[in-house]
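The structure appears right after this line, and notes come after that.
All chains are identified by letter, namely A, B, C, D and E, in their written order; residue positions are counted from 1 within each chain.
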Amino acid sequence: MIQVSNLSVWYQAINESVLALDRVSLDIPRGDIITLIGPSGSGKSTFLYVLAGIQRKYAGIVTIDGRPINPKTQRVGMILQNYGLLPWKNVRDNALLGIKIKSGPQELNDYSHYILQQLDIDTLLDRYPKELSGGQRQRVAIARAFIMKPDLLLMDEPFSALDAITREEMQALFLHIWKQNSVTTVFVTHSVDEALYLGSKIVVFSSSPGRVLEIIDNPCFQMEDLRLQDQYHSMSMRLRKILIKD
Amino acid sequence: DKPSAVPGKMITIGIMPDVDSVPFLIAEKNGYYTKRGAQVKVIPFKSAKDRDSALQGGQLDGVVSDMVAVIFANAGGINLRMCSQTDGTIELMAGKGSDITSVDGLKGRSVGLSSNTVMEYSLDRMLEANRVLPDEVNKVVIPQLPTRFEMLQGDRVDAAIMVQPFSSLALKDGATMLTSTDVLANKCVTVAFTAETLRDNPEEIKAVMRAYNDAAAYLQTEPTASYLDFVIQAMGFPAEVKDIIKMPQYRQAELPEKRVFDDVMAWMADGQLVKATYNYDDLINRDVLRQMIE
Amino acid sequence: MRSRKWRGAIYSLIVVILAWWALSALLARPIVPSPYDVLLNIIATFTAKISTHVLYSLGRILAGILLAALLGVPLGFLMGYYDRIDRLLSPLVYFTYPIPKLALLPVVMLLFGLGEVSKLIMIVLIVVFQVVITSRDAVKSIPAETFHSLQSLGASKIQTFTEIILPASLPEVLTAIRLALGTAVSILFFTETFGTEYGMGYFIMDAWMRVNYLDMYAGIVVLSFMGFCIFSAIDAAETHLCAWR
Amino acid sequence: MRSRKWRGAIYSLIVVILAWWALSALLARPIVPSPYDVLLNIIATFTAKISTHVLYSLGRILAGILLAALLGVPLGFLMGYYDRIDRLLSPLVYFTYPIPKLALLPVVMLLFGLGEVSKLIMIVLIVVFQVVITSRDAVKSIPAETFHSLQSLGASKIQTFTEIILPASLPEVLTAIRLALGTAVSILFFTETFGTEYGMGYFIMDAWMRVNYLDMYAGIVVLSFMGFCIFSAIDAAETHLCAWR
Amino acid sequence: MIQVSNLSVWYQAINESVLALDRVSLDIPRGDIITLIGPSGSGKSTFLYVLAGIQRKYAGIVTIDGRPINPKTQRVGMILQNYGLLPWKNVRDNALLGIKIKSGPQELNDYSHYILQQLDIDTLLDRYPKELSGGQRQRVAIARAFIMKPDLLLMDEPFSALDAITREEMQALFLHIWKQNSVTTVFVTHSVDEALYLGSKIVVFSSSPGRVLEIIDNPCFQMEDLRLQDQYHSMSMRLRKILIKD
């Protein structure tokens, strides 16, 4: 259970001070997936930074299972918007970095191999990040987060650089992993479809400074053939209206 | 291929911060050079290394130097000719904490010096004169004088080869003078000019040496106190030596002794420091002094 | 690639020798002997005279740089990573770096004697600042975003150092070590002139005082060749360690 | 921020003075005078004696570093950017950098006399290598991707240099200049000991020869303070020029 | 008119040699928009790199208006997948970089101000890239390409980091600019919808090594309310089939 109340975040830019999040309050039950949607610059990444312990200067109260945020004791799998790969590590080492930090040096085991195979990057193990295409880099970041079997999964537009088909496979893979371990997940996306397909709740942020516009219980969660369903269309319209009005 | 004689050429002389060089400064101060018709630029150096760099770099016509350096220079292709002896002494001092009172007490002890120089030559001869083999002392190389002085004071070496004004300073602080080149009568400090200058500008050199003699005469007659402040200031001597420094008896210029030169040459040959052997007459210029008097 | 590299080395060797030869012909003074004579001299004297000196100097340089790196790199990393440490120590470095260490040589000799310890201390004293400043600046130039993934993983400080700070600043640290090498060579000329009769510094200075230019230049050539070898070793290490670039 | 910085400077000043004071009390020898006496001496003699020397040295250091930067930075940039130039010149640098420039002092004197030119040339000769190597390595460490946008715009070489290479490697170049500064200060001790009676190198050496440790340390203190000021100026320049970091 | 015939590109990775494009042939008529779609790692970015003159080592023949590629004489607006912003330039300078390179130092003029306003980044002019959100960075890259009024526009997933609403606005803006200047455009996208909406032709690449699977004349080009049209669905199915089969 993640409890966020009255979270505000300021950034100190060189010439100004920027309010990125403005009194955001939100509860995320354990094992749930919430999708976070909102205009560009609305503070979605900032929100994840706070949960991950990257952004440590904030106002308000944030607790995970009643305790303050502490990435040392939590097991946070994070997929950063810019992937967060280390340029001096090859694909193998980048993918294993999460589990290495948490449990010491590792070889590829069955599970990590399975993940890399599912992500179709098991042939690129010796490549360095600069030798990968954008989508391949993103998949390495996904692999890192999945392989470490996190308790909390924070995904910042994790499929943005993937083609439509791969994206759907990834969504399926994600749901598969989520079901097995019921990882609490915050999923930032720009796609209304993805928000509807993957989120048990959908949180809509306002444009900058980010406020919670609405929290929607999502009836379309995990629906097969989403676009053929009636509910999809009404929900889709509803979301778009909220976003456009803002 | 050498440039022909330039009448009235400016003569540059590199001097060292020691008492040997004092007449050159006095001559400048009292206007003896101009009086004798020479244009002279006296360039003070802080170390033999700097002086030799400038000499090797062709920036000097004459230097206050010593026989060892002159022989080395000639072996290295810089034709230096000695014109005159100078009057400074080299002294062997024992540190106050060493309890050494005589040269034979140095056996097995450490002596600070600079190696392959006039300092080492003098030390070797000082030791031999007291029936100590040079190998029996522990020679510790410390090229810079102020550092050597500090090492002696700080008991990092038991004894050290020194020159004025540092020897006076050490004496005052409790060191003992064991012996000196005065005692041994083997002074090998000298004024030397390059062969080119001697060939092309003999008149100017003569004028320089006349001015030197004027200065030496002045130094002989005047009370030390009347010029010491200037010397200390211009030479960069420690201020404390004012009351204790032992200024040498400055003499009129005269040729270096052949006996000493041959001894130096023998020492260098023994140590295989140079391949060639030089005769006294090879490295001496008699003309300047001879014609100067005429 | 490899052969190209050697071609460059040979070209530049030829250029250096030609320039040297031209200068010696132009000046026609013993102070710049011809490279040919010097080469003959090296061949004649290397094993007999110079090799021992090389080993002494090599030992001192490597020990000095190693020690300076062991002290300086961690200190620079700490200063680069923790702003508080930087604020405390940077002024200290800025005050003490320009202190002319050579002027302190007598004090070091008084405290540590005339032996190897003083020599090592002088090298370290001078070189460590270069290493500290470069390492600090290298760490400061790592973008904050690079740390995000390790932060979210709750990595320990040590993990952050080994996974990010070390690899990210390794190239700059190697540059610093290259620079330190050149400096260390110069320092030989002060530290190997006292209390020892071995080392390239002593050899060259002694030849210089003896106005033996052939020996002196032989020493200089051997010293630069030694430097060249160390540089090439550092380059090889970099190619290996920073393959990701 | 500003006040914090000064606090650091004051702390570290106190630390240096305490360490110095402890050493002087421990040794109890004139070679390490107490900081208090030295301070009194500075106050008594600064304007009268030292200030001229400071100006001379400052001029030589700044001119030397400026010249070294003007020569070294473009050369390093070219070597870093064009692999062919690097392959050609790197071995040259690797051969010539370790040449002990001090041993070349007589040659420099031979060619350029005992005046300011020789002094400047010595500083440049020694410092330029540090600048070249650092600039080269800085350019090499710019990721290839950074150039993509300018390549697609068909930017000229000059535009590439001003828009990317210069700003990207400016921090490293400033680091190199910091290092060069420390080196240049040491060089004063060889170049200001001949042919001049002005400069901190002369002043300190002269005081040393006079066994006037109060003056000598006064010189050292003033020199470090001068260095500190230049360092702070470089830091300020960096904060200004590299605001984007 | 861009003519590409038998274009092959190899990359030299540290441990292997990678064939990124395999004999790609393609003609792009002047003033056309083609959308490029294909799996992650299929060489789409590589293809743009070749056209932009970034990748200069390739086999085959590529000409633009009959002449070989030369970014100096062409006026190429490129939006790189990783945005290609220079970290030491603020938003203003980054946005004006393209026109500065082409025509010397510039102040903001009416047109550039209009573009910045349309992209909603006119309030961020003094910010540096690291002080922006992912989508804001991407919009700066878009601004740079639009402001310089290019002859050839190469866009590598230009809207991937933008939310659905902004994305649609951007698509409209792009079409508006395209219509005014009829810029020849190659548009890489992962979204089937976007490919259908924006491409007069759709080129489908195979998975690595990239080959041209099919070049489709797109009847849906610029259709309003795309998703409500019948042709959209059949085209969408057709594209997906090609992609999945591969």
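Methods note: a contact is a pair of C-beta atoms (placed from the backbone, for glycine too) under 8 Å apart; a residue touches a chain by one contact, two chains touch by 3 or more.
Just so it is clear, the structure is predicted and the values come from calculations on it, not from any experiment.
With contact taken as defined at the outset, chain B and chain D are each touched by C. Chains making contact with chain A as well as with chain D: C, E. Chain pair with the most C-beta contact pairs: C-D. Chain centres here are C-alpha means, and the one lying farthest from chain A is B. Chain centres here are Cα means. That of chain B falls 83 Å from that of chain E. Centres computed as Cα averages put chain C at a distance of 49 Å from chain E. Touching two or more other chains at once are residues 29, 31, 106-107, 110, 145, 208, 243-245 of chain D. Multi-chain contact residues of chain A, defined as those touching 2 or more other chains: 14, 82, 87, 128, 130.
Within chain B, the positions touching two or more other chains are listed as 52, 56-58, 146, 150, 154.
Under the touch rule stated earlier, the contacting chain pairs are A-C, A-D, A-E, B-C, B-D, C-D, C-E, D-E.
Considering their complex, residues 28-31, 105-106, 109-110, 113-114, 193-197, 202, 205-206, 208-213 of chain C touch chain B. If you check the complex, the residues on chain E that touch chain D are 49, 52-54, 70-74, 76, 78, 80, 82, 84-90, 97-98, 101-102, 128, 130, 144, 148, 154.
Listed in rising order, the residues of chain D touching chain E in the complex are 145-146, 148-156, 159, 163-164, 167-168, 242-245. If you check the complex, the residues on chain C that touch chain D are 4-5, 7-9, 11-13, 15-16, 23, 27, 29, 31-32, 87-92, 94-103, 106-107, 110-111, 126, 129-130, 133-134, 137, 140-141, 171-172, 175, 178-179, 181-183, 185-186, 188-189, 201, 204, 208, 216, 220, 223-228, 230-232, 245.
Those residues of chain E lying in contact with chain C across their complex are 14, 87, 130.
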